[in-house]
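Chain nomenclature is as follows: A, B and C, assigned in order of appearance, with residue numbering initiated at 1 for each chain independently.
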Amino acid sequence: MLMEVKNQIYAIYLSIKYAFQRELLNKFTFLSNIIFMIINNACFIIQWVILYSIKDEVGGYSFKQVLLLWGVASFTFGISRFFFKEAFNLTDTINNGKLDNYLVQPKSVLISSITSSIEVSAIGDMLYGIVMIIVFGFTLKNVLLFLLCGICGALIIVSISIIFSSLSFWFGKTEIISETVNSLMINFSVYPEGIFTGIIRVMFYTILPLGITTYLPVRIISDFKFIYLLYLIIGTIIFVLLAFFVFYRGLRKYSSTNLMNARV
Amino acid sequence: MAVITVEKLSKNFKVKIKEKGFKGSLKSLIKPKYNIVKAVKNISFSIEKGEMIAFIGPNGAGKSTSIKMMTGILFPDKGKIDILGLDPTKERKKLAYSIGCVFGQKEQLWTHLTPYDNFKFFGAIYDIPESIVEKKIEELRELFELDEFINNPVRNLSLGQRIRCEIVASLIHEPKILFLDEPTIGLDPVVKEKIRTLIKRMNKEYKTTVVLTSHDVSDIEKLCKRVIIVNKGQIVLDDTMENLKYHYLNKKIIDAKMKEKINLEDVDGITILKDKDYNLKLEVDLKKKSISDAINLLNTDKIVDINISNVPLEEIISEIYKDGDK
Amino acid sequence: MKKYLYIFKSEIMSNLQYAFDIFVGFIGYAVHIFIFLNLWEYIYSDPNELINGYSMSQMIWYVIVTEILWSALNGRKFNRRISEDVRTGNISYNINKPYNYVEYMLSSHLGITSFRFLLVTILGMVLGYIFLGSFPEISLLGIICVLISCLLATLISIFLIIGLGLFAFYIEDATPFYWLYSKMILLLGTIFPVEFFPTIIQPIIKYSPIFAVSIAPAKLFVDFSITTFLETLVIQLLYLLVCATIVHLFYKKGVKKLNVNGG
């Protein structure tokens, strides 16, 4: 069992390493992707500068907390897209029979397929996140919590994408659903929790768990309570297990390249 | 000893039917209609250790679906599969250590890496210690004559070279059974021949059981001792190559274009299928007449162009059906 | 003219088939509006309060209109289509055809955009009415004027995007140009009206293309007057003329370069 885990981790390491090398082939594109992503994230500061010139707090957050929010969001999304890029193309992988090669290998199909390429611009997201935590307060405790939150959040984001992408095992062309869910996760997560009310707040802790991936970490870092950390870890475990469960359930319905849309 | 036993295997696919036009798309959204396609219908067979066996059949006959179920890619709807004592639906990972797969239309190699690095990657996937992988690569590199390009990135290799590397990659972990799905698809005849020779050599060297699919009859003719012909999801014929050759592959088709019109009549063993203007089409029964007999019949001086080919697979299959009806 | 009309029509027809996909895609639009609604509701402690001269409902209608223009345009995909055409040499097939490539792309994309515009406008108006309970005070004439302004804005945008895509004649990857353009539009022309920016940069924004392609129609919708319309019209027509001319010239120059290189 332990040996199997070790071997699996080594396979992930090699896969990511080779994917990274592939991206490095074009150094100019590599660098510009990263830089553009950093500028992209930085641009949005303008929006918040203007909003905070109107009001001192937005949704219960101070300006500094908004920066932390942006830091957490970019860092978590960065990790998820860098290491598990293919989790966000999983619908396509399933529909076009691209799981075949992983299914004949003695490793986890799910893990092998989602780690088979990396997103370079996500490095920009991660770097931006790190800059934000430094701006917010550069202490060992903050940095450690930030790392932990980033990893847990990323695992949840990836799990959500896997769960919704797995729908295509049953229903075929469902890109639109998984893409919508993934973009909802991003769109909401860069606004303070406090501006939303009612049912949407409930969604943030259930089917669109950005409450756990973003708002909870902001609370953990700016107002630490152990119970928050516990929620985060339990949430991560639940979503990861759910993702594996749904994916492997769907895999029984996998039809390789035999799924065709016949026109009559 | 049987290494593969398949009993009463079936697999259906649900295919969405889309009607034409905007109205049709809308309809299929609200109330999708499905067609059940029976890809594999109740097939049974078994394969012995060290055998080289071919699944042939036209496109969509169910040969790939069968292979995919045997390798654990697809879940069967009904039936039982036993591969080396393992059930692919339950022990996929365990099974993966003892089988190798090459899908002619799906590359598994990293194209920016050299074959050598790829092989090492696959070594790690199968948890093989580095020193053993290196030895194995050395051995396979000789067997498959990879010296020329083993250190060039895969993206710079020709299709034939890539397929050779794909096969080697699937042999790194010394599988007991090798599945080859359309390994020669898209290759030119010379390269096809090369691949066949290499596969044959490999089978001899390692006694690996080889199961391959193809829609090219000559692949099978040259490689396999046993053939399973599949059509419309069912096994039409499961026989030795010798029998098949004797009964069905003993005919050749000659297409000739002549300078001037010549008058021919059917002789015993040579049937005229078409005689239109300067174009002739003959079927030669090799049991009775040889190819040279047929060519002599045409005046060789007057041949503008000539093409000799096998009877198409579809025709062989329909002939087998006809025989079955009798 | 007739052939461009045909291209325009066939794009609309082929898009009808994807109506459902597009419609689901507009969930993204609805979400943006929803977020801004929540944001402004939080910031306006009193709905009758004016911030920089805008009431809360004006603020939200402003965002609804700018987002309609942006989301109907689907510029990223269009830009990629143009630069792919240039990069792959596809454009050279079009050179010999009996139509001008720029005009072809314009009519083709206008077809796509019109269809999306219709859908997203219906969606936007419904959302706005549900959230705010009323439409801005605007006459029928006003609505027609706003629609004219929207059309002009879209035409200018399409020309600009074609122009940015044509940079692929000169550099391998032209997407950063579009990227920069989209960020400018988003930050300076979509989220806030001009009055929210520091007074020093307000005139810069006002005379930039951002005003013509995004701000002008939205502002007209939330605060209509015939004089503003005429002013806007002049600015937009000028921009249209300038952009169309530059893009055509740019295309001709690019094609020449292509011919020199042997396509």
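Please note the rule applied: a contact is a pair of C-beta atoms (placed from the backbone, for glycine too) under 8 Å apart; a residue touches a chain by one contact, two chains touch by 3 or more.
Because the structure is predicted, anything quoted here is derived from the model rather than measured.
Touching chain B and chain C at once are the following chains: A. Distances from each chain's CA mean to the overall CA mean are smallest for chain A. In this assembly, the chain whose C-alpha centre lies farthest from chain A is B. With centres defined as mean CA coordinates, chain C is found 53 Å away from chain B. Separating the CA-averaged centres of chain A and chain B is a span of 42 Å. Chain A and chain C have CA centres that are 30 Å apart.
Annotation for chain C: no residues touch 2 or more other chains.
Across the complex, chain A meets chain B through its residues 7, 10-11, 14, 18, 21-22, 25, 97-101, 103-107, 172, 251-256, 258-264.
Within the complex formed with chain A, the residues of chain C that make contact are 21, 24-25, 27-28, 31-32, 34-35, 38-39, 41-43, 51, 173, 176, 179, 183, 187, 191-192, 196-197. Note for the complex: chain B touches chain A at residues 13, 15-20, 35, 39, 64-65, 68, 71-75, 92-94, 96-97, 99-101, 103, 106, 108, 110, 112-113, 117, 121, 124-127.
Here chain A touches chain C in the complex through residues 29, 32, 36, 39-40, 43-44, 46-47, 50-51, 54-55, 58-59, 176-177, 180, 183-184, 187-188, 191, 194-197, 200, going by the rule given at the top.
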